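Below you'll find a set of structures to go through.
After this come two complexes, each holding chain A, first together with chain B and then together with chain C.
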Partner chain A sequence: MPKKILRVDMSKLEVKFEDFPSEYAALGGRGLTSTIVSKEVPPDCHPLGPNNKLVFAPGIVTGSAAPTSGRISVGGKSPLTGGIKEANAGTSFSQLLGRLRIAAIIIEGLKKDKDYYLLKVTNDGAELINANKWSGIGLYKAYEQLRKEFGEKVAISGTGIAGELLGAGSGVCFNDLEGLPSRYAGRGGLGAVMASKGLKFIVVDETGAPGVEIADQEIFRAGTKKLRDALMSHDVTKPGGALASYGTDVLINIINEAQGLPQRNFSAGQDDRSANVSGEKKAEEIKKRGGTRPHPCSPGCVIQCSEIWTKPGGKDPVGVLEYESVWSLGPNCSIYDLDDVGELNRACNDLGLDTIEAGDTIAVAMEGGLIEFGDAKGALKLMDEIRKKTATGRILANGTAFTGRAFGVTRVPVVKGQSMPAYDPRAIKGIGVTYATTPMGADHTAGYAIATEIMGVGGQADPRDPKKSELSRNLQLATAVVDSTGYCLFTAFAVLDIPEGLEGMVESVNGVLGANLTVDDIGKIGMQIIEIELEFNRKAGFTKKHDRLPEFLRKEPSPPSNEVFDVPDDELDKVFGA
Partner chain B sequence: MPKKILRVDMSKLEVKFEDFPSEYAALGGRGLTSTIVSKEVPPDCHPLGPNNKLVFAPGIVTGSAAPTSGRISVGGKSPLTGGIKEANAGTSFSQLLGRLRIAAIIIEGLKKDKDYYLLKVTNDGAELINANKWSGIGLYKAYEQLRKEFGEKVAISGTGIAGELLGAGSGVCFNDLEGLPSRYAGRGGLGAVMASKGLKFIVVDETGAPGVEIADQEIFRAGTKKLRDALMSHDVTKPGGALASYGTDVLINIINEAQGLPQRNFSAGQDDRSANVSGEKKAEEIKKRGGTRPHPCSPGCVIQCSEIWTKPGGKDPVGVLEYESVWSLGPNCSIYDLDDVGELNRACNDLGLDTIEAGDTIAVAMEGGLIEFGDAKGALKLMDEIRKKTATGRILANGTAFTGRAFGVTRVPVVKGQSMPAYDPRAIKGIGVTYATTPMGADHTAGYAIATEIMGVGGQADPRDPKKSELSRNLQLATAVVDSTGYCLFTAFAVLDIPEGLEGMVESVNGVLGANLTVDDIGKIGMQIIEIELEFNRKAGFTKKHDRLPEFLRKEPSPPSNEVFDVPDDELDKVFGA
Partner chain C sequence: MTILLKLFGELREKVKSQKDTSGAPITLTIEKKGIKTVSDILKKFGIEESETSHIFVDGIYSGFGKLVNDGDRVAIFPKRMCLLYKWYFNKVEND
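Our next item is the complex of A and B:
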């Protein structure tokens, strides 16, 4: 059984399976979503109108025995940025699609009526089912009910109340291993695109799935072994290493030390209280409370950076509190208490909000005078405004830039309309180059210069040195490829330092595809993907003038580094040429 | 006494007079505001941040005896479009500045504290006075109090509650001859720029003013006579002509007949009930009620298209109800009652809102389900949300595109973020070419193709013919010049048809400046002004891709014409070259 595309026309409530086009044969994940969006979505369409599409695609090796490869890409035209968007998540959902040999699900057409639907996908086919009874409620409850209805083993994707509001801060939610709605393709408002089409959930049951087709088992096995060995030996990714011990939140202390942990809506880069929400502190608490750490986000991960954060006594599991979420909902709002951050993260998961966008939004709302900085209870009340679908909630659900305009705030940390993640680009300039130049809007994962600038992975670079176009470009190209394979980006920590690991990764892809790619092809393939994305954005009206950080970051020094973002425009423009 | 520039630094609360630079000598109105903005405002600055400036400039002949020349231009970077903005109004304010020989007032720097200030300008100088007692209240009351405080003869400019909210739908308000806050440089959110600087009002007293310096009285007198003769003889502009008899609202029946009067948020182009809000009906009512018609917006106007609309019994004068306002607050909201429209217009004037932006916003809010189409009382309640500064009010004060996003509406009639005026570009294509290509965002006044397409002025053109790049360009170039002279754009009706009138207009400018311009220079000078504006916009990130109408106008036919906007992209791009 060859791979298929599942196409769902929500205007007619029709589903059909199509042959996977041969010209797409080598594509998966981001490479596939961006190609389909580029071919099928007019760049000048309204992101919430009839001509946008939402594309789900597991990575090339996803669903196979390849380690740490449970990623899914979600693509479309972003209501937040107005450009092309690929957001991805680690979740068993991706693996089930891979094993069902569904290369992509394409959701098209506009909501037919006021009803919401659920797309049920099994090895026997797909169908749309009325989902009204699971709309308007929080995703924790909805996912629990869906698992009762469709079985504990199904994987679920969904959009929350923020998506129902068509809020550009809404993400596409996936289940974690406990079935909690905690794994997000969060960025760019794709949850609103999903809701605009009347699609509320996708439920996948893999019973009887044929599994991922491996063209050459021998090469695949050899490659995955090399990659696994690399992951098991690198300090960042190995069992008992930094990520397994403390999760991504290990970065709180490190980035705070580097004076690049934005505080109070990017008005400073360091605060001693940040240690209260550090990965170290969190790991300690999880142990005390009876949560779980380390923990995989999807089966087959050897890094296991995830966790189950709970209330005291192991109650009410939230899922993972990632570094980015802890920062955005914590120090960036002057909130320095893990229980506060945990409840805010729960609210985001429950409402279908991207945590980065939500935390930046709350911070801007604080600066705009809605509540005081540090007011965690007030922040939770703001989340309730979204739940209640009030006017304030509609503002907040639309994200940081929107909230800034509503409340007359000019310190608004966004690029291309998307809010900035947990690294102040004034103190750590390479990540700022990525924020500015990636086609995705401010996105650390697009070219994670922090690896080199702060962690010394893949070389060394002075964080304050503004000459970062080459570093950002190389990382962006490699990332576009990794995001297409289905491997977690965190495998890069190992393969940037261990050449055999990188070879193994490429060999595993060759094993699946029956291809002959080499490590030297990565840059070229990455550029092909990014060029497709840049071209879409150019047609949507983007220019180099949009590859800039906001004025305040170029003018206001960030204490205590007292740095501004001083990367010259021409250095930014060198990333992808003039 | 040569002309001066009055520069006001709101961050230091300092005022100073500067020599009018010799390189600006031939500039006034829009030519001057756009030049100053281009030279002094970084195109990538935040429109509400410290680096934007707000520039007021009367036209070249404004304040002299030249007929119908009481226009003032207001310029800056628009919070609504993100591009350069010139908005203009007819008001005695402009004439007082002209006679005080103040070529421009430049407001710069950011609000110092929470206080609001009033800039008082007299022949003896200028000073900033605390204006807190006149903030937070409606402009009708504020203007009345200001006239009590500063004298009946002062002219006033101000920003209202919508400006205090930093709403991008707020305009800069000027007094009419009765001192009512009814004359607006409405478009592009410049009221928010004014408020962001902490400037609430400018009050001008011309006592002792030297008057406009006329370099050559003879040429000036001969030119103004020719122009006056043309105005007095053309059917549109003469006493007892269309504009004097019915005001701009004479267009309701005409544009409705042409199937280009947008109804119910641009979902149709014609409705019989439109006659209830026509200029003919309004003139009849004004006569009954004891209002005034015709009426000049500023002294010395021979066209006198203005009026004083009142409640029954001549009570509570609103000021003029322009065609655009009647349409936006009327048929576009399915409201067909002049009293309803009048009260909505009063609310806009009182709050400092651009009526076009406000009406389009209400219509989009209706489509988004806040209130029903046709619900005039509900619409007035929405205006009260702005007055009360609620979250809903903050959304609405930010205009049509913002409101569309807040409430998930995709039929949003904007170009470059600015809402569309009273002509459906599907039925009347040339005005759509202007909407798309002017640097100002959707703006009918930038190149009023209706004159030729509907009124047969300056030639004839089939409204449905998509080949309109040349018509729109020629009108845009001429308009940029007219907007610089200080003459009302309505003089164009006469001078497009009567060559002597156009010569007279140019001669009057020569008389003031001591220049030797000819009619043949108009295109070149117009292009110089527009090129400055286009260049600013390019630096702010605009491309040809932004010179497009929204998707729905290209895809959804408008009944009963069943036309879509089918002007090809390359026809649009021909307006100002590739």
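Our next item is the complex of A and C:
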């Protein structure tokens, strides 16, 4: 049984399966979502109108025995940035689609009436079922009820109350292994696109699924073994390594020492209270209160950076508290208590909000005087405004830039309308170049992976040296490829240092596709994907003037480094320019 | 004439004999006397170079030969916390 595309027309409430076009055969994940969006979505369309589409695509190896490869890409035109968007998450949802041989689900059309629908996908087909009873309900309760109704083995994607408000800060939610709504393709407001089409949930049951087709089992097995060996032996990715021990939140103390952990809406880069919300602190707390750490986001992950954070006494599980979420809802709001951060993260998961966008939004609302910095209870009340769908809630659900305008704030940390993650671009300038130039809007993951060594670029750079265009470009190209394979970006830590691991990764892709790719092809394939995305953005009206950081980051020094973002405009334009 | 030293993860056990369960870094004020570089601090606390990953001297990503000045803040992370955008950083060395 060959791969297929599931196309869902929400205007007509029709579902159909199509053959997977041969020209897409080597595509998966981000490469596939961005290709479909560029072919089928007019760049000048309204992101919440009938001509936008929402595309779900598992990675090339996702659903197979390849380790740490449970990523799903979600693509469309972003209501937050107005440009193309790919957001991704690690979840069993992706693996189930892979094993059902569904290369992509394309959601098109527009909400027909007041009704919301649930798309049920099984090996026998797909159907739309009325889902009105879950409208206005928090996702924790909804996911629990859905698992009761459809069985505990199903995987679920959903949009929350923030999506129902068509808020540009809403994400697309996926289940974790406990069925909690805690894994998000969060960025760019794609939850609003989903809700605009009247689609509330997708429920996938893999019973009877044929599994991922492997063109060459021998190459695939040899490749995945090399990759697994690399992951099992590297200090960051191995069992008992940094990510398993502390999770991504291990970065709190590290970036605080680099003077690049933004505090109080990007007013400083270091505060010793940040240690109270560090990965080390959280790991000890989880042990004491009976949560779970480490924990895989999806079956087959060697790294296991995830966890289950709970209230004291091991009650009311939230899911994972990631570094970015802890930072945005914590130090960036002058909040330094893990229980406060945990409850704010729970509210985001429940409402269907991207945690980075939500935290930056709260910090800007604090600067605008809506509540005081450090007021965690006040921040939770702001989340309730969204739940109650009040006018204030509607402003907040639309994200950081919108909230900044509404409350007269000029220090608004966004690029292309999307808020910045947990690295101050004044102290760590390379990430600032990525924030400025990625087609995604301010996004750390866009330039996260694969060291300069692999791409054949000499040397490493000083974080405070403003010449960063080549470094950022190569990171962005490599990331686009990893995001297409289905492998988690964190595999990069191991394959950077262990060349056999990278070879194994490429061989595993060859094994699935029956292709002959080499490590040297990574840059070229990455450029093809990014070029598709840049072209979409150009047609949507973006120019190099949009590849800039906000004025306050260029003018206002960040203590204690007292650096400003001083990368010249022509250096930014060199990233993808002539 | 002092240096502010911060030790993270299992490097905390170099100072405390018992395992620390607070999750907080160890913060010490140490005498500058006898300390010229990061290496001298490692020797003082019996930390092998191979046990470390990221070292920051006043926010600057540093190598073992980085000179340490009076009043500096020195942060040392253990081997397995080598989780950083390391390609954004170039180690500053004085030796």
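As a convention for this text, the second predicted complex is superposed on the first by the 565 of 578 C-alpha atoms of A that agree within 3 Å, B and C clash if a C-alpha of one lies under 4 Å from a C-alpha of the other, contacts with A are read in each partner's own complex, and residues count from 1 in each chain.
Just so it is clear, contacts are C-beta pairs under 8 Å (C-beta built on N, C-alpha and C of every residue); 3 or more make two chains touch, one makes a residue touch a chain.
What you see is a predicted model, and the numbers here were worked out from it, not measured in a lab.
Asker: Classify the contacts of A:Gln270 with the two partner chains as first (chain B alone), second (chain C alone), both, or neither.
Answerer: It touches chain C, and chain B stays clear.
Asker: Does the superposition put A:Leu165 against chain B (first), chain C (second), both, or neither?
Answerer: In the superposition, A:Leu165 touches chain B alone.
Asker: After the superposition on A, what does A:Leu475 contact: first (chain B), second (chain C), both or neither?
Answerer: In the superposed model, A:Leu475 contacts chain C only, not chain B.
Asker: More residues of chain A are touched by which chain, chain B or chain C?
Answerer: Tallying touched residues of chain A, the top partner is C.
Asker: In the overlaid three-chain picture, which partner chain does A:Ser245 touch, first (chain B) or second (chain C), both, or neither?
Answerer: After superposing on A, A:Ser245 lies in contact with chain C but is clear of chain B.
Asker: Just to be sure I follow: which residues of chain A are touched by chain B in one complex and then by chain C in the other one?
Answerer: Dual-contact residues (chain A): none.
Asker: Would you tell me which residues of chain B are touching chain A in their complex?
Answerer: 42, 44-46, 48-49, 51, 79, 165-166, 168, 192, 196, 390-392, 394-395, 398, 402, 405-408, 410, 538-543, 545-546, 548, 550-552
Asker: Which of the residues in chain C come into contact with chain A in the complex?
Answerer: 6, 8-9, 21-25, 53-54, 56, 58-59, 61, 75, 77, 79-90, 92
Asker: Which bits of chain A are touching chain C when the two form their complex?
Answerer: 235-236, 240-243, 245-246, 250-251, 253-254, 257-259, 269-270, 275-276, 278, 280-285, 287-288, 423, 427-431, 448, 451-452, 459-463, 465, 471, 475, 493, 560-561
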